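What follows is chain A paired twice: with chain B in the first complex and chain C in the second.
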Partner chain A sequence: MAASAQRGRLSGIGWVALLIGVAIMVAPIVWTLLLSLKNNGELVGHSGAALYPPYTVENYAAIFGNSSTLRWLLNSAIVAIGTTAGVLVLASLAGYGFARLEFPFRRTLFVIVLLGLAVPSQAIILPQHQLFAWLHLHNSYPGLIMPGLIAPFSVFFMTTYMRGIPRELDEAAMLDGASRLTIFRKVILPLTIPAQSTLAVFTFLGTWNDYWWPLISATHSDMYTLTVGLAAAQMNYAQTSGLGYLMAQAVFASIPIFLVYIVFQKQIVRAMAGTAVR
Partner chain B sequence: MTDSKDWRGLLFVAPFLALYSLILIFPLLRGLWLSLNQVDLFGDGHFVGAGNYVRLFGDPVFGTSLINTFKVTLMIVPVLTVISLLLALALNRAGRGAAILRGIFFSSAVLSVTIVTLIWRFVLAPDAGLLGELWKALGWEPLAFLSAPNLVLPGIALTTIWWSVGLPMLLFLAGLQQIPEDMYEAAELDGANRWTTFWRITLPSLTRTTILVVMLQTAAQLQLFGQSQLLTAGGPSGASRTAVLFLFETAFGRWELGYASAAAEVLFLIILAVTFAQYWATGRGGAANGR
Partner chain C sequence: MRRLLAAILVALALGSCAPNDGRTHIYLQRFFGECSAEYGASIDVAKAEGECGIMTALINRFNRENPDVRIDVNVVAWPGYPQLTAQMAARDPPDLVTMHEGVISDYAAKGLLDPVEPYLQTAGISPDSFTEASRFGVTIGKHVYGLPWDTHGGLFHVNTALFAKAGLMRGGKPVLPNSPEELLTQAKQFTARTGKPYLIQSLVGDPAGAARNLYTYMMAQGSVLFPDPRHIKLTTPEGVRVAEFFRRINVEHAGTLNMDTPAAIAAFVSGEGGIYPTGTWMIGSFEKEANTPGRPLYKHYAVFPYPRLWGERVEYVSGHSWVVPARKRTPAQRDAIGRFFRFMAGHNFDWARTGHLPAFKQVLDSPQFTSLPERQDIAPLASIGRPLPSYVQRQSAIEGLVGEEMAAAFTGQKPVEHALADAEHRVNVLLSEVN
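After this line comes the complex of A and B, so read on.
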């Protein structure tokens, strides 16, 4: 924290407002936790019962007895890890090409990639859906992963980062007779590890939480990701096994992402704040 | 010293560009073409020129969905910007306490829209929700946030603000960190009080960040979809149907692909126009390399 951090103390009103803010942020989550710890029958017509005991973990036990939630968890993990790995490979290669190599149409191609930043996913969803239908890729892992691989931001991010690496390093290696591929692998890649980890966390979170594409592409319940599965569960709420179970699913689905958040807090903050610094 | 013009460099960018062309550029162009045709799930469709667009401008359902989208965006963006700025000002300090509070205010941003709506459905619902219980405890009649036509958009706005406050707060914090300390020291020597310092130094230094926050949030909220689809399915009677929900229903509910493509193009243009209007209106300010 820079010195400007200490600018002034909070007034009494400031503290009260801040505490109200904390309460608004925390109360819905505590409420969800309490509901998830109640017997479903007790909550029927009387959700206020969540405010006092008895509490139980039976809803969580039921999740482990129900294969579909675990299957969705597995699907989310496969799709998020696959997308993250793919983005790192593609964006690093492209970033190196754009940052270091001369080839025809380099500037034009880079501008075309940047223009992609302005295309919202809803603008292309329909033809994308058609395309994946022609390729028979709906309800498959490649089909869920591929649209995540083409984020223009990832290429922009890696290109900018690699441009910041001193050229003397490449040139020294080139004098030693190293090929472009060797320089990329042995000199540049190791220096980009901070950028790789930032991009990885950013991509993982975004993919894990994506709702729009899996909603359209995964129509078989065994190919749902957690986001789509939970959406289906809340829409069929009336027929499902009850409020407590539904909320236990929500808590269960939040645990992996909260763990990622706590472990990688630094990278997340850096990735988010990075959008402003630039 | 760089390589002379060399096609080998293309090999590095080719894998990304190949996928990019297939999954982004081709759909972008095909979407334009589809919007000029009448296409449904079966059959090849036929060319209708501007027909879909003409129909769109006469369609009250589409019109209402656009108005709802603008309304909810206007409810969210100013409030979100002010709250996240105040939070950043309050929490821009060293120490463990401030770090924990920053963590709390950012935590909701890592949740998916399905979890957020699941949580808020049972905060807002009058019969089974937290607010309902609170209202009843105070002896008031619970508000039917999700079923009253005039309360449904505020309910969705509230949910969205709770969900999205973390990122703009971080952006403002990053902006605050970049204000040089000696500017404050100079102001102190001049005997400026906190209020003057805020208006003369802090706020002007955050212009760039504020423009960025407003532009990013406006573009995001114009595409609001999940909250409305999951909390209310656009109801009651269309009062919370947003433009993207209209597009989704037309495409994947009724399979009117040409018509839905036209709606997608119109929405795309609106987002571009609003973003550029904000960019120009702010004197093409500091946001130059915004993203």
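After this line comes the complex of A and C, so read on.
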């Protein structure tokens, strides 16, 4: 116990290094926040004005004064939650199938799914756009959600995780007369909660921050997601004459992400450390 | 919770329904930003400020004056062409779009834009009423493809306080150079007397600026930049002369280095240099500084077209326009577009308050316009301005390629001849791929 406490204690140099690291990581966030609280005109000549008062919330008022902002926020939430839920359901089912079921061409199919990892989204954007136009799915929630459901990494992730769960559990449940679906729902799924949480967090973050597909699929402003809407709200020279507003937009758009990170911190850290997959 | 979700879904579904209010709906797509927080309900165009404010107030006013028509506005991230192209691919383009005149040829060549003569006729507007630069900008072949809205190009924005300190003012006006040698001589005098750089330059991440310098001074020497729709010609004695001169500016420390656009703007408004060559779009911001007591530019700001350094007084310009994407429309919609054109042409002066030059001769010559600060000095841009030939497609991409290579040449990262040859090669490859 004492040895462990000793190991956990930082030396003076360690503290200095840690503080420098923290300062480097936090400085851009503080800088962004300070800029967002300044009048745009003051920042045109000298962005260093962010370091001293007066501060104002006029940039945030401008964001909320735009009647579309809350609609974009709602759109982002619907798309991010819809995509996350869809990915979790599909990836879990597919993962279970690849990990547990025997069926013809299982390995071949799995390889085909994995090949999807090698195909950049840019390579398929034109036929994808044409297909959605054909199906009249642009400017709709299904149109924004469905491309995100094609998630080969998520299938790979869940397959790998489920393969790590002992088959004896399935066999015991089968002896008790459980069907495949019951085993999936009541035995396997609860054991995959850590992996599901990790996958949910990354899918949500990725969808929330997505810009390109919503940019070309949601072309009516009432269907914009927050990323597209905030970009459209910028003036041409926002980085010069609207710096405070630009930074307020950045802060505003990152608040939901920040909240997700706070709530799911444990899962994110575990995923980053690679321990979510056994 | 389920009830709440159901209520939200119903509200969304109802919100997505097509409007059926008995009015003719016109779907307008524009850039210039979103400012409904400040101007959402404003119809007082004269009191609106800035591109976004004036545009928003204008459209609000049109809606108010035309109760049978409703303009539904879609604001897109500048410049909005990825979205427009996607909409066209999905066969769902808007009815009216703001478009840079240099981009019109890309869409018109594929039949994606309607010629606007019928709408101009409805509006009672003759193309003869456009300024020369605007007429060039929207005319392709025998057709007019847009209602020109403004002309914008490069200007020399001058800090007259520093110019006075440098002894470069005559009769209350800054003395601008008439030759490359004179510019360098003035720069030496300026720096010796003020301790500050003569030129503030945004050479980082501003390919448009570098391309503008090359185009302008090659055009002034009579160069034909695009001998045909598939080729650019930059490796000429004129091209070398211009690029070497801008390289020499930096070798002789006559201008700032390592600045991007925000840094250059901040330097200029902070009084850190004599001239900032940038566009018409900055006039409004700089005038605000010039009217704010205590600021370095207070009562010490002037602005002029690029000075003639070689040959003719000609300058590369572009412009904004209103175009009409091709799609089926009802007679009522076509009539509404014509009325919109008439309304916008009638308010071209209001837009000129942004700093852009008017697209109509009558406005350009009006006392209302010339009495605005600095406008008499920059008005010649409308007659000396030359866009790139309308048969050249991919002008925006070309500007990026040329600007990137020229910035490398001006800053010494690449020998001038190599940069010109590389720019020429890259543009020609691009043009060879145009369908």
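Going forward, the second predicted complex is superposed on the first by the 224 of 278 C-alpha atoms of A that agree within 3 Å, B and C clash if a C-alpha of one lies under 4 Å from a C-alpha of the other, contacts with A are read in each partner's own complex, and residues count from 1 in each chain.
The rule we apply is simple: a residue touches a chain if its C-beta (ideal position, glycine included) is under 8 Å from a C-beta of that chain, and two chains touch if they have at least 3 such contacts.
If you're wondering where the values come from, they're calculated on a predicted model, not measured in any experiment.
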{"item": "Touching partner for A:A231 - first (chain B), second (chain C), both, neither", "value": "both"}
{"item": "First, second, both or neither for A:S68, with chain B first and chain C second", "value": "second"}
{"item": "Which of chain B and chain C A:Y261 touches, first, second, both or neither", "value": "first"}
{"item": "First, second, both or neither for A:V155, with chain B first and chain C second", "value": "first"}
{"item": "Which of chain B and chain C A:S221 touches, first, second, both or neither", "value": "second"}
{"item": "Contact breadth on chain A, by residue count: chain C or chain B", "value": "B"}
{"item": "Partner chain(s) touched by A:V113 [first = chain B, second = chain C, both, neither]", "value": "first"}
{"item": "Partner chain(s) touched by A:F98 [first = chain B, second = chain C, both, neither]", "value": "first"}
{"item": "Partner chain(s) touched by A:W31 [first = chain B, second = chain C, both, neither]", "value": "first"}
{"item": "Which of chain B and chain C A:S47 touches, first, second, both or neither", "value": "both"}
{"item": "Those residues of chain A which chain B touches in one complex and chain C touches in the other", "value": "45, 47, 129-130, 216, 228, 231, 234-235, 243"}
{"item": "Of chain A, residues touching chain C in the complex", "value": "41, 44-47, 61-68, 74, 78, 129-130, 132-133, 138, 140-141, 215-217, 219-223, 228, 231-243"}
{"item": "Interface residues, chain A side, partner chain B - complex", "value": "1-8, 10, 14, 17-18, 21-22, 24-29, 31-32, 35, 43, 45, 47-48, 51, 89-91, 93-94, 96-98, 100-104, 106, 109, 112-113, 116-120, 122-131, 146-147, 149-150, 152-153, 155, 167, 171, 180, 184, 205, 208-212, 216, 226-228, 230-231, 234-235, 243, 246-247, 250, 253-254, 257-258, 260-261, 265, 268-269, 272-273, 275-278"}
{"item": "Contact footprint of chain A on chain B as seen in their complex", "value": "1-13, 15-17, 19-20, 22-28, 30-31, 34, 83, 86-87, 90, 92-94, 101, 103-108, 110-115, 117-123, 127-130, 133, 136, 162, 167, 170-171, 173-181, 184, 194, 197, 202, 209, 212, 216, 219, 223, 225-226, 230, 244, 247, 251-252, 257, 260-261, 264-265, 267-268, 271-272, 275, 289-291"}
{"item": "Residue numbers on chain C that touch chain A, as the complex places them", "value": "8, 12, 15-16, 31-38, 40, 50-52, 73-78, 82-83, 86-87, 89-92, 261-262, 265-266, 269-270, 281-282, 285, 288-289, 295-296"}
